[in-house]
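A quick write-up on the structure given underneath.
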Amino acid sequence: MKIAIYPGTFDPVTNGHIDIINRAALIFDKVIIAVATNPQKKPLFSVAERMDMLAHVISNTPNIEIDRIDGLVVDYAMAKKAHAVIRGLRAVSDFEFELQMALVNRKLCEELITVFLMPHEKYSYLNSGIVKELATFGGNINCFVPEYVLNKIKEKLHDH
Amino acid sequence: MKIAIYPGTFDPVTNGHIDIINRAALIFDKVIIAVATNPQKKPLFSVAERMDMLAHVISNTPNIEIDRIDGLVVDYAMAKKAHAVIRGLRAVSDFEFELQMALVNRKLCEELITVFLMPHEKYSYLNSGIVKELATFGGNINCFVPEYVLNKIKEKLHDH
Amino acid sequence: MKIAIYPGTFDPVTNGHIDIINRAALIFDKVIIAVATNPQKKPLFSVAERMDMLAHVISNTPNIEIDRIDGLVVDYAMAKKAHAVIRGLRAVSDFEFELQMALVNRKLCEELITVFLMPHEKYSYLNSGIVKELATFGGNINCFVPEYVLNKIKEKLHDH
Amino acid sequence: MKIAIYPGTFDPVTNGHIDIINRAALIFDKVIIAVATNPQKKPLFSVAERMDMLAHVISNTPNIEIDRIDGLVVDYAMAKKAHAVIRGLRAVSDFEFELQMALVNRKLCEELITVFLMPHEKYSYLNSGIVKELATFGGNINCFVPEYVLNKIKEKLHDH
Amino acid sequence: MKIAIYPGTFDPVTNGHIDIINRAALIFDKVIIAVATNPQKKPLFSVAERMDMLAHVISNTPNIEIDRIDGLVVDYAMAKKAHAVIRGLRAVSDFEFELQMALVNRKLCEELITVFLMPHEKYSYLNSGIVKELATFGGNINCFVPEYVLNKIKEKLHDH
Amino acid sequence: MKIAIYPGTFDPVTNGHIDIINRAALIFDKVIIAVATNPQKKPLFSVAERMDMLAHVISNTPNIEIDRIDGLVVDYAMAKKAHAVIRGLRAVSDFEFELQMALVNRKLCEELITVFLMPHEKYSYLNSGIVKELATFGGNINCFVPEYVLNKIKEKLHDH
């Protein structure tokens, strides 16, 4: 059984992430979405909230799991006996950073293979930061996140 | 069973290609190396010679096959019931071209997923064109191609 | 009256070109599509055929003209009293080449301003070369070019 | 009448910005410089100071206006009935970020066209951050900003 | 005598820096490693600690000196009668930033030549930030820094 | 004595090349301009003509030599006991190609160091191909090449 992990902050999950997850689930027997705690990034949502949003919006297929990750991706991947790490590639600037991370991870664990997938071009501009910035200024983010996430963002920004 | 095809000209196969093939064979149940005929590129070796070199140098694992491809990659992939197309990513210039091909292929066949793998950094500069150019000028290409391929290049250049 | 020229080979015009033309026509009072003869590129279609296809597929708005161009873009632009040259930007590799051309043109004519427009992201992978290559291999190019152009490509490839 | 807005932080305006403004004023009937408040960027100068510097250094042409902008660029542009948003392109890293913003803005407002202009190559390295950093270390910034701005930077740094 | 300075934060020095230093020492008569104090970057190590680590790990060749630098690189270089500034180039994103710095430095001092060297490809992914991040999470950094630096990082992180 | 070679086709030498040569001559004791024969590139000028133009336009300094090169750069460099190979970097696309060549050359000869220099930004768009293309269409190339080269191009194009 081929297992892949898809690590990220998912603060919050966007339609671009969902697109990558669905593609990954077609080529691996199991995909584990690994939500990084990332306290230094000061996420808008807690890990529990981010995992809850993922649980509501990903396809209800048995080969996708959601978990949290506190340490290094390679340590987590080895503990889960994963063969691959999934990363999305949207732009040249992504590419260089991702290449660097993949090279470092390979140094730390030679057997772990980084697999790059490309989201649909209609999501090529999309990331969680832009979604939050648009929402702060009252921009329409309907086509960037699922409805459940949209409502959670509104609640959170209202609370602030 | 998850099947991936790895299309290319392989004129000739290099250590960078072999590195990608071995990685792909770890995450897919079957990998089909699809040698493109590419007459407009005026290859140095015939398709038969390129397939012969591949057969000699790839790992003797049962889940790797070698075939030729004459038409579009998407048509071949659909005929083989492949889930994924494997492509190597070495540099930013690769990245843009590969992104374009992946987007076009997705337009032609939505279900076919392009999977990008990164060769070992010691092969990040390597392609078949440089190997042939170095060989023409008598440069040492021992660390770029397997010995069998090295000898075939020497024979071919001697014939010319 | 603000006049812009949009130079290119248009061999043949694609949906990406049409998208750029329509955007340009919204911000300039007149847009002149300048079909470069480009004999060294060995176009598939003659200049007359390329101009004919453009005439059939662009919006029937009075502020768009079609012309041919045989010399330097800056000389043509000065003769037409144009203020701007329109160029489409799809990718980083485009960007560097276009930047270079814009810098050279500015050296030749300081007053002529290069204006970069971005096609819709669904055309970000598209160029005339890919359309012709796909058509050669029997690929479906319905969503890349208008029907009139599609038929002209089929006729041309049938003749060859 | 074709109206364009040129949004930015202008903290402070540099010779590169002025170059873009002058080019834009040649191809549009009206150019509105829209100074973004951007409190999260912690600007060195207040919005009023940034608008004052712009008012002193831009050409005294009737078709250039200076305004402030507090919300989203697309909302401001629609309120002003603008046809285009002007952005300067200096480098590949600019290009990717600007492409992303242009794509997001198009999603939010299909009719608003982003127009990219290229500053003179002598300003291709220039941004407000470098000017401020050089000034902090006593570097000579005479050729990067107009004299009026130079004096304001000196006053501000002296106050700190 | 041709003198070059190699400015940087070196927080801490990595095997990639050492590789660049050794190459520079082969082509210049004297190389001065100039440790920038950079308080705004909040370095993990003090300038004295960073200079101490450099002193322990660089080759014991008489043509390499270690110094600190508090102001602008160009002012320091002129004071030292240096002909060149050494910079390492690892990736496209490096390239654009370094190009910008080189252009600004040339504006400030026309005679000072920026010389770009490329580290060994096995260090192409390496920077001080990644080393510190890996060490924080208990990752193995043996192949990224010399043993002396490794121990200093462990001590420092233990203290925190 | 530190020796550097500056290999290239120089078909013909441009002001950008001359700028790089002058910078290199300031940091190396001897600079050898190595004119590559490059028959597969079908140069406009013969090697003898290209060397003649170089001899006329480079500064009359004793530490610059002009030679021809028929084989691999590394073999030539070793024969000349050179420490470094000089390459100009103008753009990101240059960067990737040059990085690749530098990595290959290092594989072939570990001791040979590739040194990248950046031409003045006013030559950042300039290469021999553009100069020839402009000249073909009657464009003004006065600011791109020295007068001697300008006249040789005119003669050559007149002959054709």
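The first chain written gets the first letter, and so on, giving A, B, C, D, E and F; residue counts start at 1 in each chain.
Following the convention adopted for this analysis, contacts are C-beta pairs under 8 Å (C-beta built on N, C-alpha and C of every residue); 3 or more make two chains touch, one makes a residue touch a chain.
Source: prediction; values computed, not measured.
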Expressed in ° and rounded to a multiple of 5, what is the rotation angle of the C-alpha superposition of chain B on chain D? 180
From chain D, the most remote chain by mean C-alpha position: B
Note: chain E sits from chain C at a C-alpha centroid distance in Å of 47
Just how far, in Å, is the C-alpha centre of chain D from the one of chain A? 34
Centroid of chain A to centroid of chain C, CA atoms only: how many Å? 39
Which parts of chain D, given as residue numbers and ranges, touch two or more other chains? 92-93, 96, 99, 103, 121, 124-125
Just spell out which pairs of chains touch, all of them. A-B, A-C, A-D, A-E, B-C, B-E, B-F, C-D, C-F, D-E, D-F, E-F
Residues of chain B that touch chain C when the two form their complex: 71-72, 74-75, 92-93, 96-97, 99-100, 103-104, 107-108
The answer for chain C against chain B in the complex is residues 91-93, 124-125, 130, 134, 137-140, 143-144
Spell out the part of chain D that touches chain F in their complex, as residue ranges. 92, 121-122, 124-125
Chain B residues touching chain A in their complex are 2, 4, 23, 26-29, 83-84, 89, 92, 95-96, 99, 102-103, 106, 111, 113-118, 120-121
